[in-house]
Structures are given as structure tokens and as C-alpha cells.
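Here chain A shows up in two complexes: once beside chain B, once beside chain C.
Let's turn to the complex of A and B:
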């Protein structure tokens, strides 16, 4: 495998980093990257390079990378495009182990020859080069962060199991911001822009072998090495789930993609067929990408398709039953006699013992807990959907805390649906941080459970995807 | 029309209100309703009724409504179900003009006879009765608020043009909370629960004639008077848009709806056919209900289906082009030669003059403003979609302020897509309050524009719905 794929370890776990193009101006890209290293608490060696400066923030600045005379795992390049090939040449001479080029101004604006010149030099020295026209990489474990976006604009995620791969910087940064806002954690973030050299194949191969990555989530505009992609696709989903959003599904989108990252989007139908055959989970929108990422990151394998819905709002229970009814494989389970009897004793007389179980608008954390702890042992129920509407009088922080406690003991997939503004958002973040995937509509919740189920059926040999 | 439909004016614009079942306990339903009247600043006459109290919060408490001896427009009843019929009888004797029964414990738990007894009494006195098992009504203009949900749990909306009708209290309160969180305003909120007497027909008829209502948004579990509904449906969409979410689409959902509000959901296909024939906008989920409500509340009629996309993130532009490409009637417009020339002069050389117009990751409010002000006069462009990713370096509060300014001068529909966490949310609320509908994904934005276009085409005689 080593020969076919470029080694991204020095890029994601660097012991030393050089930033080329650091400026004194705090609004310049190079300076923001430097500040983010400081903010992230990167503890490896950090070198700054700028032809026109001697010192920035009290740190020595080198004229050229060749002056450093130390081993450098990663070079981040943030200078105007025309100067990049010469600097890559210097990186080669300095025996740098990997390069991220964040600068734009290459193939995406027609400068194909300039881009090729840069790649040829990197290839000559056998250095993996990410970009150009990209945000680069982030890894909250190694505290590497090449993003040129200030932290007040885009929150950084906590440590977790989701690795996110995006060709587009904007899509990538949006997703990164959403992930951190939702409170679930990140393993790796890789934005690879024009994919001039390192491409989705190298990245997928790296993430497949990366134990810190539990689920791979990809935004793709095009695939360059189709044969290698299929070869990888055969293997990766046997090891971990891969969620993919492919842009350029339509003619309008494909044509826009060509202008954006100089990608040939290819036939969407052909891509989709490959994704389905090899058990990729297909997202149709950015929000679906996020929904699926978080369910794969936290939930165990469901034993079957039977869902129990527990709710403090009847109408939302009905809508969730509809979402289950419209899904291809999900089922509304029937409580076993034993469990139904137990629930009848525990619940107030106004509560009908049926699925969805409507605990009524005055339900408190005790009633939720009685219901869920009973249902989680029902052999007829494989997955739990808890609707917690914090608008009702009995739902408060005690309910959120109780659900987190139950979740930690649950061996079945268990997710929550909560919808609302401030008061609800506070509790959503609390529950997400406590390890519960929280959804903002019945349809997103059920389609996520369905994606989870379909993936594990695929692994068993039943391809439902 | 008067004879067929019950008059809801005294319920929504009451000059005097009596609350029956007010308690000293601040957590009891009757007390929360009373507190909400105080909070809302209701300025009409307010009477409290409780058999067992003489005074609450320094206000005189009557033993019975018959003791008040004043004209009462609205009676809110919040006492246990078995006592309700006798109190309705007293309301009749006191010549009350309308009743809202928030108490549960009627047909939804099998107490059909008790419910019928209550309705018979209301009918005898010809009093419109809303509920039981409902949240009741809210109108930020008349400051009426019968909801028994505390304001810290569920924010109250500002004054606006959206009237929201829900059979389910939980769905209603969730939507109300979401509406207020999004920052767009409400005309009326009506939660009618079991629909024992006043039903969707009465409510629709009232809202059709209500000038404060610009768009009607409904969550339905079942329709009881089919013939009258069809008669109304023929008329209402000629006057204003109606967005409908019908629960019980599937067998699972229909069966849950029956248990919830004792509704017979009927065949969804039959309902859908009626909705389509008469130009209702069909939502498939709670989130769609909200997306469509806000576009109808703020946007003018589009002259045609041609969209221009302006973005600071290429990838999000591609996904939006895909959403347009997959929609039935929306088109990605081609800039007129004149506009293209003007843009070429105004934009930096790295910006390709094509649709989607990718302003690049360093776009600031000036570049946005140059682009949008040029495009809004293009005869080839009917609608504007502005993607503002606040994660990029140049996008900040100046951009939000500039977009609000441009929006106020735009005669074409113009919406924004912004996705992200805290920093973005702040700007989303700012823009929503400034009159711009903001969407959190390309697909929700485009499907909303499509709903807007289809409705106005329906009004012109082209039924695309």
C-alpha cells in the first residue's frame, strides 16, 4: 500500500512546523495561521519564515526555510501563487516531510501550468503536498491547525471520532463551525482544495488506517483516480462508516464545480452507484452530512429495525410515527406484553400504553426515566427515540441530566429530538456534550437511525444502501 | 357566511377575559395563564374565578362567573374535565361570548360523552368553544395569551403577518418557540386540540378575512367537515397563501393521530390531492413549515423562475446550483451581457463572471454590495440568493447591515443562506430582524423559493403545486 498512497502522518502529527509568509499585519493569512498555532497550544517546534522580516511577536524570523537547518515535518505556505514553486524547491532542499499550500491563484483561475510546475517539484523530492487553494489540516489531538480563519469567527471542535474531508474550504469551514457548535468532537479536518497532488485517495487511505477516526465524512466535487478509489472503497466501509456528499449532482452544479476547484464532476449516477455498491452512506445536503456524522460517531449497532418513540408531545409523536412509516426499513415496534404491563403500572392512567408512548405534556424526568428504563429492556425494541420538548412545564435540566445518565447505560441506540429556541438550545448542547445525538426534526432523526441501520446491515452482507 | 362559521373575534380580540381555575400555586396551569396575561401587558378587563379563593396577588377572585355581572368576551377554563360542563352552563347564563377549554381528559382519553355534553351546552347558548385539550390562542396585537407555558421556556413572538394554526399543543408550542427564536413575527396563534366544536373550518374562515394575517400556516391531524373545507379551500388561496403540514401520512402516523387528538386522519392521498388542487403549499416536516412561513411573510411575487446565486464560498455555491438543478421549476439565470460587463469592471480579476457568482473567500461588504446592486437590475434575474458565510475573513456585521439595506430597496425576492454556530447565529438574527429570510442550507432555501414561485403561478392560473 505504501507506494500507492502518500504518507500524511507528518502533515497531521508534525513534531515541527514552518509557516512561510507570516506577516506583522494581524489580518493577513500568514499571521492568522500563526496566531491559531499559539491559540491551539501546539507544543512542537514552530519556525516562521518571511523574506522581509527579522522578528514577529518576539520570535525569530528566517529569510528562507533552507536557513533553519532542522528537521521540518510540515511546511505551511501562504504566499502569492507565482512565488510558490521556488519555495517548494527550497522545501525539497531543506528535506521538509510535507507541505500545505493554502494560497489560491492556481488551476482554479486557469493557472494550470503554474500548478503543474509546483507539483512536479514536490514530486521530484517525493514530498506530499496538500492544496493549493485550501484551508489545510486540523487535528485537535496533535493541535495542528493550518486554517487561516480566526477563532472568534469559527469555533474549534473538541476531540472526538469524526474525521471530515472537504475539497471546498468554505464548505469545510462551515461544517467545522457547525460541528463545534453542536458540541460533538473531531478527529481530523482536511481541506484539500485543488487536489493538485495529495487527493481523496491518499486521504481516505490515511483515515482508513487511523485508529482515532471512527467515521469518515466527505464533501466531494470530483474523483480523479477512479480505479484506486474503487479499490479503497471495497475495503474502507468494512472497517468504518463513510458518509459522502457529492456536489455536481446536476448539470448546473457540475458546471459550477468545474469553475470552483477545476474538478470534473463526472456522472453523478455513476458515482452514486459506486457509493451504494460499497456501502457508503449518501448525504444529499450539508445538514444530512452532519446528522449522519454524529449518529455514527456515538451509536452502537442496532440489533434490528424496531423503534420505540417516547414523547411529551402527542403531535410530535405522530410526526415521528409518520417519519418511521415513510422510511424504507424502520419499524414502529410493538411493546412485549410484559413491558406493556409494567408500563401500565408505572404510568398515570391518562397515558395510553402504545407506541409512540405519549407521556403527556406534564411529564417530568421521573416519568421519562420510568418509561425509558422499562423500554430499553424490551426484546421487541431495538432503538429508542426520545422526544423531549423543553417547552412543556415538566421538562427542565433534570430531564436532560437524567437522559444523559440513562444513555450512558444504554446498549441500544438512543437519540433525542428537541426543537426550539434559547431554552431548548441550552439543553441540546448539554445533551450533545453528554454523548446523546440530538436532532431538530422527526425526519432528520429517523433518516439518521435508518442510515445507521443500513450501514450495519451492509456490514452483515445485506446491502440496503 | 356568518351562519356556517363561528365568530372568533371575541376570542382573539377580547375586551374582557375571565380565567376560571386560577390557583395560588405558581406552578398550576391557571396561575401560569394569569401570569402570562400580566407579562403580555393585556390592557382589557381581567376577572379571576376560583370557588376556593377570595383573593390572588391582591386581585379579587369570584366564586363563579355568574357573579361578575359584566360583559365577558372570553372565558378561559383550566379546571379538571369532570367539572367543565357545569362551568360552560354558567358561561351561557353569564352571556360570555367565547370559551377556550385548555383542560385535557376528554375524547382523547375516551371520555367522548363528557366532551359531547360540554359541546351540547355551548351549542345551546351558541357560544364558540375552542378545545378542549389545547393551548388556546395568542395574538401579540391584542396581547391575548391563554398559553399555560411559562415565558422563560418559550419565547413569545413579535408582531408580524404569520398566523399559525395547530391541532397539537406540543407542535404548536414548538413552532411558536422556533418562530420567536428566528426573529420573524406572528399575527395569530391558535391551538384547537380536540376540535370538539370550533374546528379548522371556523379558524380558516376567520383568518381568511383577517387583514393582519398575510400567510396561514397549519398543522393538521384530521379534517371533520370535508365539504365545507373544500368550499373554503377554493377561496382562501386566491386571497393569501396557506402552508399545510398534514400528520398521519402513513398508517403508523394515522394510528398515532387517532390516539392523540381522537382524529380520524383519513386518506393522506385524498387530502394531498385537495391541497394541490387548491394551491395549498404542502410541507413535509415541521422545519419546512417554518421555512415556507417566513418566505411568504416577507417576499414579493417573483416575476419568473431565474435565480442568481452570489457567494463567498465556492462549494456552497455548487451545492446551491445543485439544489436549483434538482428543483422542478427553478432555473439558474444567465446574466445579461450588459450586467456581465459591468460586473467584470467591478469585480477583482480572480472572480469569474458567471452564475453562481463566487466573490471568493476574501469578499467584504463592498464587493457583495457591488455585485448585488448590479444583479438586482438584471432583467434576466428574478430572484436573488445571497450566500453569506460568516466564517470567512471579510464577512462581519457590516455585511449583515449592508444586506439589510439592499433588501429594503429590492423589488425582487432576496434571501440569504448562512450556516454556522455562535458568530453566524448572531448575524442570522440580525438579518431576520431586518426583514431578510435566512436559511441554513441550500436545499431549504431553494425549496422555499420554489414554494413562493409555485404559489404565485397558481394564482396566475398555472397550477404547479
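Let's turn to the complex of A and C:
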């Protein structure tokens, strides 16, 4: 396995970092990266390198990395492309352990030879090199942040178990901004740009072995090493879920194909087939990517496909039942007799004891609590969907607090659907911080539970070694 | 890409115990008549120049003994444009559901295997599933489950096992024969307890 995968540990958990191309000008990329390190509270050793400066913000600036004479785990390079190969050479001489090249101006603008020259040098010294033309890496635990995006423009996430991998910097920064508004936290963020040397295989392999990563979420444009990808795919989904969004669905396929098979099964279909075969969860857009990341981040394995819907709005309950009905594997469960009898005693007479359980518009936290605590022990029910419409008179912060309490006791997947504006959003944030995934539509909620169920079914059923 | 000659392709299927319909090259109407006996037959003109035979009117179905010579001369007339051609006579298959089975070599991931609702509806409904070879029994079963037309194709589950085994055989064939770049078994006719491959195309 040696040499097959590049080791990214020094890149994500560096004890020392050198920033090359740091600038006094606060609007320059090099300065923003430096500021971000300061803002993130990075506690390792930080070295600044710039040919034309003596000191920045009172910190000594080295003319070259070779002057530092200390062990350097990560070098962040943010200088114009033509100068990068020479600096990589210096990194090699200085025995740096990893490099992130954020600079653009390589293969993406046709400078293929320049990119290759840089990669050849990195390979000569056997240094993992991420990029070029990328945002780089972020790890809120080790507090590294090579992103040249000012923190006031993109909120940084809390610490958690979801790792995001995005080839594209633009999609990467959008995802990063969006997830900061979600309840789950971030483990690693890796944007790898042109994938000149370190590619998705190296990254997946690293995240597979990373105990801090519970869920891997990827935005992919292409896969460079198909055979190695398959080998890795066979193992990774046995260990943790991987959610993937692949761009290029509508790419003109093999229109001049000679066989029916080739005309049906183009490149996108081949990627999708591989994802499906090895148990990746396929997202069709960025919203689904986040929905699925959220469900995998917090929810346990469902024992079966049977859902109970508990609602304070009849119509939304029916919409949710419809979403269950049109899903391939999800089922609306039937309450066991014992549970039905218990509910009959607990619920007011206007509540019909059937699934979806409509608690009526005047339901308060007590009624919700009685219903959910009874249903969570029903052997016929595997997952709980609680619809909390905060527009109703009985639903307020006490309900949100009660749901958080119940969630902590529930061994079954339990999610909430809440739709609405400011008052709802406030409670959504409250519940998500309390560990409950909250969805804003029946369809997104049910497709997420379905993704959760399908993954664990795959894990049980597949027998790849 | 070059198309492998029909009977060489047929031989490969036979080697893997993949059932395909009784076929023979015929040189004239009399030849076809002898092959026909009392059964119903199909006559097909095949040529490098015509890839989609049924669209080009080069397949004549359901010919009974009395109609053979008339059908033969009609086909010869239609096939003029695609010279050089050969004519294949096949026994008429049992009635059933048409599916497509296939494979192709993908530069990125290697050999892919496909099953879908077939015949003339392939391109319309695009109801197919795809995997990388080699597949295992779990994959074969998942490939079927993925199809929207599963209940139609498997006669509500009656031919599930049969189709799973067929997929495993094709996967093995594709792995053993890396020279095959594209494979179309379209249509394969699925009846309630059997299957039969009616047309074979292997591209090298």
C-alpha cells in the first residue's frame, strides 16, 4: 500500500506552517491566509516568507523557506504561478512535509507544462502537494485554515464529524458558507483544485482512516484513477457513509455510439454505477448534499423502513405520508395494538389513533411528548418524523426544548420537519444545535431518511471484501 | 471498432451456457425453407453498413413455411443498399418481454455490465441499471431491483433467479474476453420461466 496513497496528515495536522507570499496589503491572498491563521487561533509554529519584506505585524519575515532551518509540516504557497516551481524546489531542500498551492495560473489556463514541472519537483522530494488553483484545507480541530476567504464573508463552522471534499473552489466556498448555518459541525474541508498530484483517491483514503470524520461528503468533477477508486470505494463505505455529488450529468454522451449499451451508458452513468455499486449516497444537487450530510452526521442505523409521522397539522401529515408513499423503500408503519391502546388513553378524543398521528392544531409540548415517548418504543416503528409547525398556538420554545430532550433518549432515527419564516428559523437553529436534524419540506426529510436506510441496508447486504 | 462475425459471437455465448436462438446463414430461399421446416422463422440481413437492422427494415418476423420464398426475395430487394450482406435465418422466439443485456469497456472504470427494458423501447424509457464487472450475486439482485420495470421483466419475481444467473454469466464473459469493447444482447426475450437471446452484437 506504500506509495499508493499520499499521506495528508502533515497537511491537516501540522505542528508548523510556513506561508509563502504573505503580504502587508490586507487585500492580498497571502495576507488573508495569514490573518485567518491568526483569527483561527492556530497554536503551532507559524513562519512567514516574503522576498521583499522584513516583518509583518511585528512578526519576522524570512526571505526564503530555506532560511527557517526548522522542521516545517505544511507550506502554503500563494505567489504567482511562474515562481512556484522554484519555491517547491526550496521546500524540498528545506525538507517540508506537505505543500498547498493556492495560486492559480496552471493547467486551468493552459499552463500544463508549468504544472507538470511543479509536480515533478514535488515528486522528486516525495512531498504531497495539494492544488494548484484551490482553496486548500481547513480543520477546526487543528485550527488550520489555508482559505483565502475572509472570515467576515464566510462564517466558519463549528467542530463536528462531517468532512467536505470539493474539487471546485467556488462550490467549495459555497458549501462551506451553507454548512455554517447547519447544526452539524465540520471535521475537515479539502478543496483540491487541479488535482495535479494529490487527488480524490489520496483524500478519500485519508478521510477513511481519520477517526474524526464520521461522514464524507464530496463534490466531484471527475475521477483520475478509476481502478484505485473502485478498490477504495469497496472499503470506505464499510467504515463510514460517503455522500457524493458528481457534476457533468448532461454532458453530451457517446451520441455516435455503435451499440445501444454504449449510447445508454456514458461517462456520467458509469460514475453513477460505481457510486451505487459500492454504496455511496448519490446527491443530485447541493441541497441534497447538505440534507444527506445532516442525516448521516447525527442519526443511528434504522432497524427497518417503517416511519411514524407525528404532526400538529393534518395537511402536512398527509404530504409527508405522500412522500413516504412515493419513495422506493420507505413505509408508513402501523402502530402495534398495545401502543395504539396506550395512545388512545393519553390523547384527547379528537385525536385519531392512526399514522400519521395528527395531534391537532392545539397540540402543546406535553401532547407531543406523550405521543413520541409512546411511539419510540413501538416495535413496528423504526423511524420518527415529527412535524412541528410553529405557526400553531401550542407550539413554542417549550416544544423545541422538549423535542431536544426526547431526541437524547431515542435510539431510533428521529427528525423534525418545520416550515416557516423567522419564528420557525429561530426554533430550527435551537433544535439543530440540540442535535436534531430539521428539514424544511416533507420530500427532503423523507429522501434523507431513505438515504440513511439505503446506506445501512447496503452495509448489511453487500459482501465485498 | 469491428463487429465480430455473428456465429463467432454466438459461439462465445454458447461457451458460457448463455442461451441464444437457433440460427443459420442461408444462401437462398430453398436453404431458408429447409431450415424453417414446420416452424415459424425470422429472416435478417446483416451488414457492416446497417447497425440497427429493425429500423432499416432488414428484419422480417413471423414467417411461416408457406411464406418463406416470398419473404426471402423481398428481403434481398431491401438489402441491395447495404451490400455486401449475409442473410441469417432464425427460429421465431417464444412470446415474452424484450430486454437488453450489454456491456462496454470504460476507460475509467473498466468493464461495465447493463440490463434494461429492451427492444424498441430502450432509448425511449432508458430504464436500465449498470455496474462494474465483476459483479457478485448481491449486485445482480440490486441491478434488477433498480429497474422500474422489474415486475414486468421478472413476471412478478418468477424469473428473478434466472436473470441474476444470466447477469453473472455475462459478467464472467466480459472479464474473460477483454477484446470485446461493446456488447449488445438486444433483444433477449424473457418468458415466464425461460429466456432466449435473439440478437447478438459484439464490437472488438
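Going forward, the second predicted complex is superposed on the first by the 446 of 465 C-alpha atoms of A that agree within 3 Å, B and C clash if a C-alpha of one lies under 4 Å from a C-alpha of the other, contacts with A are read in each partner's own complex, and residues count from 1 in each chain.
In this section, a contact is a pair of C-beta atoms (placed from the backbone, for glycine too) under 8 Å apart; a residue touches a chain by one contact, two chains touch by 3 or more.
These figures come from a predicted structure and were not determined experimentally.
By the touch criterion defined above, A:397 reaches neither chain B nor chain C.
When the shared chain is aligned, chain C comes close enough to touch A:269, but chain B does not.
Once the two complexes are overlaid on the shared chain, A:259 sits against chain B and chain C alike.
By the touch criterion stated above, A:71 is placed in contact with neither chain B nor chain C. Contacts of A:123 after superposition on the shared chain: neither chain B nor chain C is touched. After overlaying the two complexes on the shared chain, residue contacts for A:230 are found with chain C alone; chain B is out of touch. In the overlay built on the shared chain, the residue A:284 is in contact with chain B alone; chain C does not reach it. When the shared chain is aligned, no partner comes close enough to touch A:57: not chain B, not chain C. Legend: residue contacts after superposition of the two complexes on their common chain; A:461 is shown touching chain C, with no touch to chain B. Considering which of chain B and chain C touches more of chain A, the answer is B.
Residue overlap on chain A between the chain B contacts of one complex and the chain C contacts of the other covers 257, 259-261.
Interface residues of chain B facing chain A in the complex, by the touch rule stated above, are 27, 29, 32, 104-105, 108-109, 148-150, 152-155, 166-174, 176-178, 180-182, 219, 221, 245, 247-253, 255-257, 259-261, 284-287, 311-319, 321-326, 332, 350, 352, 354, 356, 358, 360-361, 389-393, 419-424, 440-443.
Chain C makes touch with chain A in their complex at residues 1, 51, 100, 102-104, 106-110, 112, 114, 116, 122-123, 126, 128-132, 135-136, 138-139, 142, 146, 182-184, 186, 201, 203. Contact residues of chain A toward chain C in the complex are 223, 226-227, 229-230, 257-265, 267, 269-274, 276-277, 461-464.
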